[in-house]
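Here come two complexes built around chain A, the first alongside chain B, the second alongside chain C.
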Partner chain A sequence: MLTVRNLTVFRGHIQALTDVSFDVSTGDVLVILGANGAGKSTLLGAIAGLYPPRNGEILLDGALLNGLSPEAIVRKGLCLVPENRQLFPFLSVRDNLLLGAFHRYRRNRKGLDGDLTKIVTLFPALQEKLNSPAHTLSGGLQQMVAIGRGLAADPRILLMDEPSIGLAPLVVKEIMQTIRRLKEQGHTIILVEQNARAALSVADRALVLERGRVTLSGTPGELTKSSGLFTAYLGKHR
Partner chain B sequence: MGSKKNLLLIVIAIVVFCLPLIIESSYYMSIFIVIGLYAIVAEGLGLLMGYAGQVSFGQAAFYGLGAYAAAILATRCQWPPLLCVCIAPLLPSMVAFIIGRPILRLREHYLVLATLGFGIFVYVLFKDLGTLTGGPSGLTGIPYLNIGSLTLVTDQQYFYLVWGALGLTLFGMANLTRSPIGRVFKAIHTSERAAEAVGIDTASLKLQAFVLSAFLAGLAGALYAFWVTFISPSPFGFTSSVEFALMVVVGGLGTLWGPVLGAALIVGLTEFLRWAVPVALPNAGGEFEIIFFGIIFVLIMLFRPKGLLAIEKSSVAMSHPTTLRSTDA
Partner chain C sequence: MLGSESQYVQYLFSGLTLGSIYALIALALVVTFNITGIFNLAIGEFVTIGALAAVTLRDVGCPNVLAYILAVIVAGLVGTLMERATINPARKASVLTLIIITIGVSIALRGAALLIWGTHPHTLPAFVHAAPLNFLGAVLIPQSLFVLGLAVVAVGLLFTFFDFTFTGKAVRAAMMNRTAAQLVGINPARLSLFAFTFSGVIAALSGIFITPITTATYDMGFMLGLKGFVAAILGGVTNATGAIIGGVLLGVIEAFAAGTLPSGLKDAIAMIVMIVVLLTRPTGILGER
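Our next item is the complex of A and B:
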């Protein structure tokens, strides 16, 4: 479904990604792990069109995405749930969710209400907060709004950048359960996480980035069995 | 709440309607016409600054382009004045469309400098294209505006025309800012990067706001040209651009009525100081007015930094324009 080949990306003068390659199949959850500054968010940003690649290819079902604007990539079916939520804090939860569906306003406005209902079904806690400004919500609820806003775009692949960041362990658990439910519903997800244990619990495949390069990849089982670099990055596992 | 708002609107409309019936002085009538014209420009700039989050210090250039386009079409091409009013705002809109793409890619200080440079460039054109614009001496012989058989001659008639146009502008702005597009503008203002991430074509929407702001400035300029029947480059210089930006900021960014209040305050304050300073300080020169003007605005910025009509939540919004990090879980 999504193929990334020899991707090289610069952030200013710094080479943030070097020759990154991987594939994601329909319905899979791919987890990208790595330490701070490894290039995980840059990788998601590059796929979402926020950082233009210097070299390499990003292909969706064989069609090249390089050079497309972020909004064009959303229209192709890839939607980013950015790090730190990046909500529109003083707009209501409903407005935040509807903004996720902005690119469909003109073409298919009818389906929006139904989609909003689906999102609220997935996150029932949002039901009574629909008219509240997003900044009044707790961090966990804000993260649900951010994921809901991503889903409102009706994406083929959801790109999630550290959804557990800054959240209490119980809320992280809830977010991971949500990701598991999304996977069961057939969504394809690329998940960037530092919380390796939580992320691997929902992953079909995972890869580890080190200084912008892929140093390990495989199934969660393969990764957890491999010591070496994985242990050095993420601490000893049981 | 809604009925109170409607009642207030009706009262405002009645007061505006009655003003020309009460005020006989041509001087005071002129002040109200200028307030109306500047409020139209400020409403457009308010959309750009308060909703799309872009700054323009070149709005007087669009105001001037509208005025000169209307004046040149009416005097040199002999077009009917009403047609000129309808056509003239298209020139600044087209110019905004052409320069908008490259200019709006810039951010913050660079955007300010680019719009400022554009304003100065257009001002120099007004002065140097003598054969077309009349140069520094200006363009004379602009006819009065006529609508059907009615020729608008008096200040009272122009007052109704200008404030009618302002009313339509406010109506349009109120609908626009409440529409899905208005919601998108607010999103861009809050975080352009987040807006891009959810698939909003921020470049195109910023351009639309820029073109609309230029259209409104051009409309005000065209009305101005037919009211004064003589135009010269001086009202379209850098100072006017700064004043337009001040009107929006002082009135309140992201508010519907803020630009109108800002226009009224700045025009009113200028005229008041022009009268009051010589009375209070008989030996003071013109510069003293500017000093008082500055002091008053420093005070407003100190005590109402987000503008007079900005409500608390938008004040916070402006101070955290990008991300809201979660504080709890």
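Our next item is the complex of A and C:
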């Protein structure tokens, strides 16, 4: 459903991505692995419209997304849960979640209560925090709000940028379980993670980025067999 | 001799009056800054246009209230037009470029105001013709109460909008985190248009309410815009409440300084306040980071 072809992206004068190509099919979880600075966040940002590509194509069901603004891309059904959560800190959890549905709020105001219920069912811990300002929550709960806000957009593809970063191991486990549950519900997900083992456990396919290029791709099984994964991780070349 | 106490009350009254105007201008500046990342330094000209358009509309025979409403709409449209014609086409330019554009617009609007309204002062009648009130030996003119009332009502409405409407919350969300707002589908170009139009409206109201006290000239907005800017810095540019506190505080500081220091220093006070704030607490009273 999503096709990325020969994507090249610059961040300032630095070429952050070179000739990146991959496909994501409906219902799949694609995991993107790589060391710090390999271009993972840039890749998600480029798909979400934050960084316009210099070259290449991003196609959603054959329709070109290049050059659209982030707010237009959300409307097309791609929603990014950004790195470091990026909540609206002084708004309540409820408002954060509802704003996730901003692009369809006017058309579907009534349906939103049901969506809110669905999100709270997924993250029961948020129930009693709905009226608290988002910045007062723990990191794990904030991450849940961020994912919930992404889901509120009712996206066809959910892009998640390092949802486990800075969280305690138990919370990471919980987040990964959530992703697994979302996958079972049929969501299509692109997940960027540093935590390779956790991420591969939910992946259908994975690719490894190294210095802005795809160096490995395949199913989790294929990847773990390849020694390249670990060198990519340590950022070493032999 | 007039008791010094009553003198201080007098300073407080005039400080609060002018401070309310600074607060409203600062509020518009802060809202614009947090939505767009730039300071609209043409905001003072919006004050001028509001006040002088009201003068002209009355001259051509509009009843007072209608003239004021139309003048506010005119200034709002000037804000809309400014955003569409000068800011939106350059939205990919640097913040510095955009701020310089607003200075350019400010100079152009002031020039246009000079051509239309000339150099002589104009005035609007006080909203009610009542005798000044005596309070603790000081004199409070009724128009001052209208100015204070405007500030209270405008701020109240604005906070209601921000706190209780979905659109208001979307604006606040964009003020807190522009990128995240875009990622949920909030269109920054539309918000920018809102910010400039809103600035036009609030500035025009300020101009119309203050003109019966200060009179209106083609360049009245320059100083008011500058003071509003200082008030915004004083309160902390990231914070709407700070802008209001900064405005009122600046008005009061100015009034007391004008009463006790040589009068030539009157307008320098604001700049001194700004320099002191920037040197000692660059984030302002309520600012973060």
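Here, the second predicted complex is superposed on the first by the 228 of 238 C-alpha atoms of A that agree within 3 Å, B and C clash if a C-alpha of one lies under 4 Å from a C-alpha of the other, contacts with A are read in each partner's own complex, and residues count from 1 in each chain.
Methods note: a contact is a pair of C-beta atoms (placed from the backbone, for glycine too) under 8 Å apart; a residue touches a chain by one contact, two chains touch by 3 or more.
Only a predicted model underlies this, so the values are computations on that prediction, with no experimental measurement involved.
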Superposition on chain A - do chain B and chain C clash or fit: clash
First, second, both or neither for A:N84, with chain B first and chain C second: first
Which of chain B and chain C A:Q142 touches, first, second, both or neither: first
Contacts of A:G27 with chain B and chain C, given as first, second, both or neither: neither
Chain B versus chain C as contact partner of A:L167, first or second or both or neither: first
Which partner reaches more residues of chain A (counting touched residues only), chain B or chain C: B
Partner chain(s) touched by A:L99 [first = chain B, second = chain C, both, neither]: both
Touching partner for A:A153 - first (chain B), second (chain C), both, neither: both
Touched partner set for A:P133, first chain B, second chain C, both or neither: first
Touching partner for A:P70 - first (chain B), second (chain C), both, neither: both
Shared chain A contacts, counted only where both chain B and chain C touch the same residue: 48, 50, 69-71, 74-75, 79-80, 82, 86-91, 95, 98-100, 102-103, 105, 149, 153
Complex interface listing, chain C residues touching chain A: 166, 169-170, 172-173, 176-177, 179-188
Residue ranges of chain A touching chain B (in the complex, touch as defined): 48, 50, 69-71, 73-75, 79-80, 82, 84-91, 95, 98-100, 102-103, 105, 133-135, 138-140, 142-143, 149-150, 153, 166-168, 170-171
Interfacial residue positions of chain A with respect to chain C in the complex: 48-50, 69-71, 74-75, 79-80, 82, 86-91, 95, 98-103, 105, 149, 153
Residue ranges of chain B touching chain A (in the complex, touch as defined): 180, 183-184, 186-187, 190-191, 193-203, 313-314, 316-317, 320, 322-329
